Structure formats: C-alpha cells, structure tokens
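Read the structure below first, then the notes.
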C-alpha cells in the first residue's frame, strides 16, 4: 500500500508540470500582461520598460516560463504586477476559507446523496424515486448563481418582514463576534446559504449516480447470495450492496472536486465570501495575469491531489486492486 | 473517469442445446434469472456468423437492420410522454425566440419611464414585469432566448463535431495517437472548465455570441471524445470490421460507414445534453459579466442587469432564471428519452 | 413414500416487461422427498431456476400469480418476509451457478461464511463463527483453510469459490439444498470434484437436494428422480431410470437424442428442431407442439394444453396427449428428428 501511494504521488509530478505549462502558455496566449499598465495614461514608457525588464517579458516565452516557475517555487508566486503586493498571503487565506466551504458542502452533499440514492434504488419506481428523479433533473437544469440569488432574495425578505436572522446572505463572519460557540454558530449562519447552493447541484448529480450504481449492484449475483443467506434487508442493502456501490461513487465524488472550484467562483461572488472564487473574479477584473496563474496552479494542485485521493480510496475500497 | 472493473457478461453455456439460434434467441430469464430481461442482439450489431460474408452483402444486411433499429428507437421515443411533451414545449420556446420580433410585445431596449418598476401583470402585456427604466422583461426574455438558443445549438454542433473527431481518431487508430489525445483530454480536465472559460473570455474581451460558442465548444468536447473513443475501441474488435478491412475498405470509409453509425446513439444523446450545459455555462459567463455583454440580449446578462434591484423587484431575476430552468429541463428530459430510446439495454421491468 | 419436504402446487410466476407479460413459470407442481436428489432439467428459459428462486423471494421482479409451496407444512408463498428470511439460508440453502460473481468481492471468504452462521444465530460470537467457518472450508476440501479464510474471492479459483459457496450453503445444516447449475461455469476437470463435494455435503447434512441443470449427464449421475421442464411447464416427471429408459414425452425424448452417447458411430448431437418459444407469446395448446415430431399438426396439440397425468403407475407423469404412442415409436421419432435437423 505504501509503495502504491508513493507511485501515485510520483505519477502526479509530471501531470503537475504539464498542467503548469498548459496554464502558463494558455494565459500568456490569451492575455497581455501589460494591458492594464498601458491603460493607465500617467505611466511613462520608461516605467513600462522597467517592468518589462524586471519581469523578463522581453525574453522568449519558454524562458519566461522558467522564470515564472522559479518565482512560484522560491518566492511563493511572487508579487502582483500592479502595486507589487505579495500574492501568496491573500491566496492562502482565500484557499482556507474556500476549503471550509467546499468540505462542508461536499460532506452535506454526500450524506444526502447516499440517503436519496440508496432509498431510490431500493424503492425503484416508487413515488419517492420519481420525486428524487424530478429533483435531480431540476438540479441539473438550475443555474447555480440564480439559485444563490433566489435564496438571497427569500432569506432577505424573510428578515425584512419578520426580523428573524436565520442565515446571513453575504460575507463569512460578523465582525466583533467572540467566543468559541458564538463564532462557530456565526460561521454556520454565514455558510448555510452557500452550502445549500453548492450542495444542491451535487446532491442531484451524486444521488443519480449512486442510484444507478446501487441498482446495478442490487441485481448482482452476490447480493442475491446475501439474500439467500437469510440476512436482514438492512444488512443486504447497507453492507453488501452499498459497500460495492460506494467504490465507483467515491471516485466520482473525489474527482468532482475540481468542478467545485468552478462552482465556488459563482457562489462566492454572489454571497461575497472572501475565498478563491472572489479572489479569482478580482484578479480577472484587474486583468493581472500573475495572480490568475497562481490561482489556476493552486486549483490544479487541488484537482491533482483529489485525483490522488480518489485513487487511494479506490485501492482501499476495492480489494481486487493490486498495489504492486 | 477511472474505470471500474465490473464482471458484467455472464455467459450461459448450454452444451445440450448449442445451436447458434438458441443462444441468440435466448428467452428472457435464463437459468441464472438474469433480471435485466435483455433482448437478443444489441442494437445495430450484426451477428458474428454473418461477418464473413462479402462486404457488399454485409452492407445490405446492415442497412436493413439499422433502418429498423432506428424505427424502433423512434417508436420508443414517441412513447416517452415526458420527452415528447418537453420536445413540443422546447420547440415552442425556440420558435418564440426565432420570431422574437413578432412574438415580443415590446422591443428589447424600449424605455418607457411611465411603466417603470411594474410587477408581473396581464395589463399592458408585462407578463414578467418591467425594470426601473420601464423596459418590458417578457420581451427582453424572448430576445434573450434568441441569443441563448443560437449560442447553445451552435456550441453543441461544434463540440459534437470536435469530440467525435478526436474520439474516433483516438479509438480507431489507437496506439500513440490514442495515448496523446487522451492525455490531452485528461489535462484539460485538471482545470475547472468555468475558470478557463472566464480567463479566456475576460482576457480576450470577447462578447460576440460566435466567439463565446467557440470557447464553450473548446471545453465541452472532452466528454464526448471519451464516449466515442470507448465505443470505437469495442467496435474495432468486431469481426465485421475486420471483414470490411480485409475487403479493402479505406479508413475513412470504415469509420464513416461502419463504425460511426453504430456510435450514433451516444453521440445524439450527448449532443442533446450539451445544449443544456452550454446554456448554463453561457448564463454564468454573462452573469459574471464576461460572456455576452449588453446590448446583445442573453438570459444570463438579464439576470445580471436585474440583480441590483432584485430585493424590491424580484421578477427581474426570477423570470429569466426560470426560463433557463425550463429550457434546460426540457433538454434534459429529451436527452433522457433519447437515451431510453437509443440504448435498449437499459430496459425497464415493472415490478 | 414419506411426507415430502417441499410440495409445490400450481406455481405461476410472471414478469411484466415493456414488451409484454413473460410467463416464466406456469402452473408448476412437484414434490421433493427427504434425503433424495431431485433433478430439474430443461433448456435455459424453461423456468427451472425461477421456480425455486421465487419460492424464497429471490426474484424481486417476478410476480407470483398463484400456487402453494408447502415446506414442512408451511406455505412459503404466504409467509411474511421476516419468516421467509429465517428459512432462507437456514432451512433452505442455495448454491448458485456462477461462483465468480456469487461471492461478494469486497469481503473476506471466511467473513462471508461466518456471516451466514451469525444471520441465524445472533448469539454466536465473532470468534466462534470464524472457527466454524474454517471448519466448514476444511469440510468442503479447501486446503489451508485458516489462511484461505482470510483471503478475498478474487484470490480463489473458480472451483475453490464454488467450494466456499457450498460451505456457506451447508453452514446452518439446511434440510433442503438447492443447487442451481452448480458446475456449469466450471472447467470439466473441476466439475467432478465439485460434484463429489456436493454429494459428501449432502450425505453429511442428510439434506434433500434440488439439482437444477440442463445437463442430462449430471442428472444421470446425481439424481434419484427427475422433473423435466419446458417453457415454464413441467412436461414429465419420473425416477431417473424411467426417464432415461422409458421417456414418455417427446421433449424428454428429444433431450435424450441430443445427448452424446459413448460407443455410437455418429458423435454429433441430434438437436431438437426449431427453437424454444418466446415466453411472451407461448404457443396455444401444448407449448412444445411447434417442435414436436409426434404432434405432426394434430389439432388437439394446437388447441388443448395437455395435463400432467400418470403414464403407468403413480410416479411417472407426462404432459402429452399422445404419450402412449411413444412406447412404440421412440426410435422412429428419433430418426425422424435427425432427418429434419
């Protein structure tokens, strides 16, 4: 198992290098790093020339890539072009906020998806199953940002009408809240709506997926064997069937992590959560390529990391996988 | 996706009755109680025994068979009530978009300050209300549909073309071409699609529907490429492909004439579902202000326009959003119906 | 004869599909007596497996339309799910066709056997269940049982997996063992070993056995009595000697004809002409008549379903309108079939 994990980690390295090249050349191809500087009339030609030399923008692209990698590794992505602010501290804070949001959403989504998926599969074509199917289709068809806006309108209007503050509709915490329990409660009140928004679509997808793989497993020979042994239905479903259905499901959930970083862009910008999404939108609006590239790299690392976790999970869940 | 090793094919050997006919026509529910209740031959496949016939004879056979397969699929689709209802509704919505200038009671940007901030009502045909400038949101949504449907359909066509091409080449030729193309799709997947699109559309400052379509298609082709590749890889092993190759058919001919028709089902389903995905992503881009920008109307940018007043004028975000939900629901239901119709292995047994 | 362990009467099972109603089992009746091995033979799709599996509630999609299944005086078809569960795996145990897919791939072999024990004896400790599981593996001839119990199914060969399946089936000393094509999926060399294990297990447990198979060779070797099924119907039943030497149904005769015989010049098989009917559109009258050499277009065969009635003596039953003609004409009919094929 140890060597298996090590091999997977080593395998991730070339993937990360390829991803970093893709990111650098893609961003360099679509954007001009100096566009924003040139747009400011006060900036003199000398200043621009100074920036070009300092950031090696006069060198061939492949050399620029080398400098950029060096900068990223040794100086934690360096500084922004305008204002020369260090990138990493802001990005790290954004990442930790986003991870809180994403992990809570994923946990909520997985719990609900398992409940809905298992019950739908066991009671195939029941009223519940049809309701769950309809819900899933609505989930596939709803724009995340619109759902976020509608939730905001609803909760705000409830607050305005009745004066009850159930959930906050923007921000990540209330300034001035102290103490462990009050601040946890405050955080949860801020997290609730973004989590509902993010989990909504995931529950729709995951529950469908789990339902399908449960159905396949439930009709398998070994589940029939389990029933023929005289096990309780609960044991047959929750142990023999679910344990097998979880193998592909765990992989799908882990791999879906990358999509979450797309999802947070929209959710965070609607709910003004100071995370990766908001950071990304700010960097885009400033048209500063360096934070954008740093963001893409951090995201790619997250995706690769969760690919790795998916592989390891797969190895743990399925004894048929050989490690050597 | 990581492939999951599944042992699905459970052959039932019956030495007592080993004529080919018995195996093909195996009655539903064999000895092991196969709950799938699958019918004999999968759609569009020719039995291996016939494969050694000459290519021309074989082609005739295929045509007769595939025609009836498509007719069967059509009949199954027509029986799918939800899909049919969705299709009719979607056609109506799309027609309204195409003939927006005839259907919409007002123009897209007509300002009428005396009607500003009206809620939805039947009077004055302001079904979806008006904004602070008195612009009629029903009309704006209809014009928005026009842009959105054009972008979505164009995107789907582009991405199906690209996905099919890459998948077919990778699956048919295999080897290093396959490896290269598949690693490329893997790599595209390490970045969140939305982020890449946002970077591209923000930095290229594109706002024309056609460039947005190209950008969307450049991201969305990967899933179909994988599907087509998988289908081609398995088709390649069939003996009739060997037979066609032995009879001297060119690569292009084998791909177009023998393999593509047999992969058409998943391609059609994926193409349909891509329409819904394209609508959703285009809406996000426009909502964030990076996709299609005013004055070109789109459903996403309408929501962006309305979001400033949404707490008092809730209809400004609600109706364009609901329109997106309804269109995408229709597309997804149609896709579901097509999947049922084109993939007969997923038949239903009512308990 | 003593009281039967299991007595089936008029069992009818249907499947409702998009294409129509599948009549998988149609008014099937037979008895199983203590200690005997009853062979149930027929082509795939004849309903031989569905019959027994629906008794135990193992065919969730199947609808039991009518019938009675008396097991030790209780009608299995009327038992509530809870009671039926207590019978499954304890009183009636099954060995399935494909050992490659019948064991759960993610649990250890020993645990899967121990689970069968604990399901019917909740007081049994983990350790005791494990010890007993190892004993059972040893009993069915799995070498190095303590080590093998800790392995997963994919580490077992097909024959070893089937042994494990048998160990699981006999764990609770059932009074009825159902073996559904227990050797079909195995190599020929392994088949004989598995049969030996099955026979030994049966002796040990003194259980009655229903052996479901399409293989007449297996029937000849293992069965005491035989039930022949065709298109969801029982067409003939008799003791094994009678079935082989004096079959009184043209379908049984056809099966004999398609059995390779040592010492005959022609080693090729004589198949029954035609194909088994679709169970959605079962032919009217006798379901076998379109393929029957004896029918020869007789109106009765096409219009009236023959009853399962005594041939000579109480225990030899055949469902053929013209069963008595078979006595004289069997050789002629076999030649006739050969001619068509």
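A, B and C label the chains in the order they appear, each numbered from 1.
The rule is short, and it goes like this: a contact is a pair of C-beta atoms (placed from the backbone, for glycine too) under 8 Å apart; a residue touches a chain by one contact, two chains touch by 3 or more.
It should be emphasised that the depicted structure is a prediction, and the values quoted were computed from it without experimental measurement.
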Identity of the chain that, by mean CA position, is farthest from subunit A: C
Most contacted chain pair (by C-beta pair count): A-B
Chain nearest the overall C-alpha centroid of the shown protein atoms: B
Approximate Å spacing (C-alpha centroids) for the pair subunit B, subunit C: 47
Averaged-CA centre spacing for the pair subunit B and subunit A, given as whole angstrom: 25
Rounded Å distance between subunit A and subunit C, as computed from the means of their C-alpha atoms: 53
For subunit A, residues that touch 2 or more chains besides their own: 221, 224, 247, 320
Two or more partner chains touched - positions in subunit C: 58, 96, 98, 101
Multi-partner residues of subunit B (at least 2 other chains): 10, 32-33, 35, 348, 350-351
Footprint of subunit A on subunit C - complex, ascending: 56-58, 81, 85-90, 93-94, 96, 98, 101-107, 115-116, 119-120, 152, 154, 165, 168
Touching residues on subunit A, where the partner in the complex is subunit B: 15, 18-19, 22-23, 26-27, 30-32, 124-125, 137-138, 140-146, 149-150, 152-153, 156-157, 216, 219, 221, 224, 247-248, 251-252, 255, 258-259, 261-263, 265-266, 269, 280-281, 284-285, 287, 289, 292, 295-296, 299-300, 303-304, 310-311, 314, 320
Subunit A partner contacts - residues on subunit B that touch it in the complex: 1-2, 4-6, 10, 32-33, 35-36, 183, 186-187, 189-196, 198-200, 202-204, 276, 280, 283-284, 287-288, 290, 300, 303, 307, 310-311, 314, 317-318, 321, 324-329, 331-333, 336, 348, 350-351
List of subunit A residues in touch with subunit C within their complex: 220-233, 235, 240, 243-244, 247, 317-320
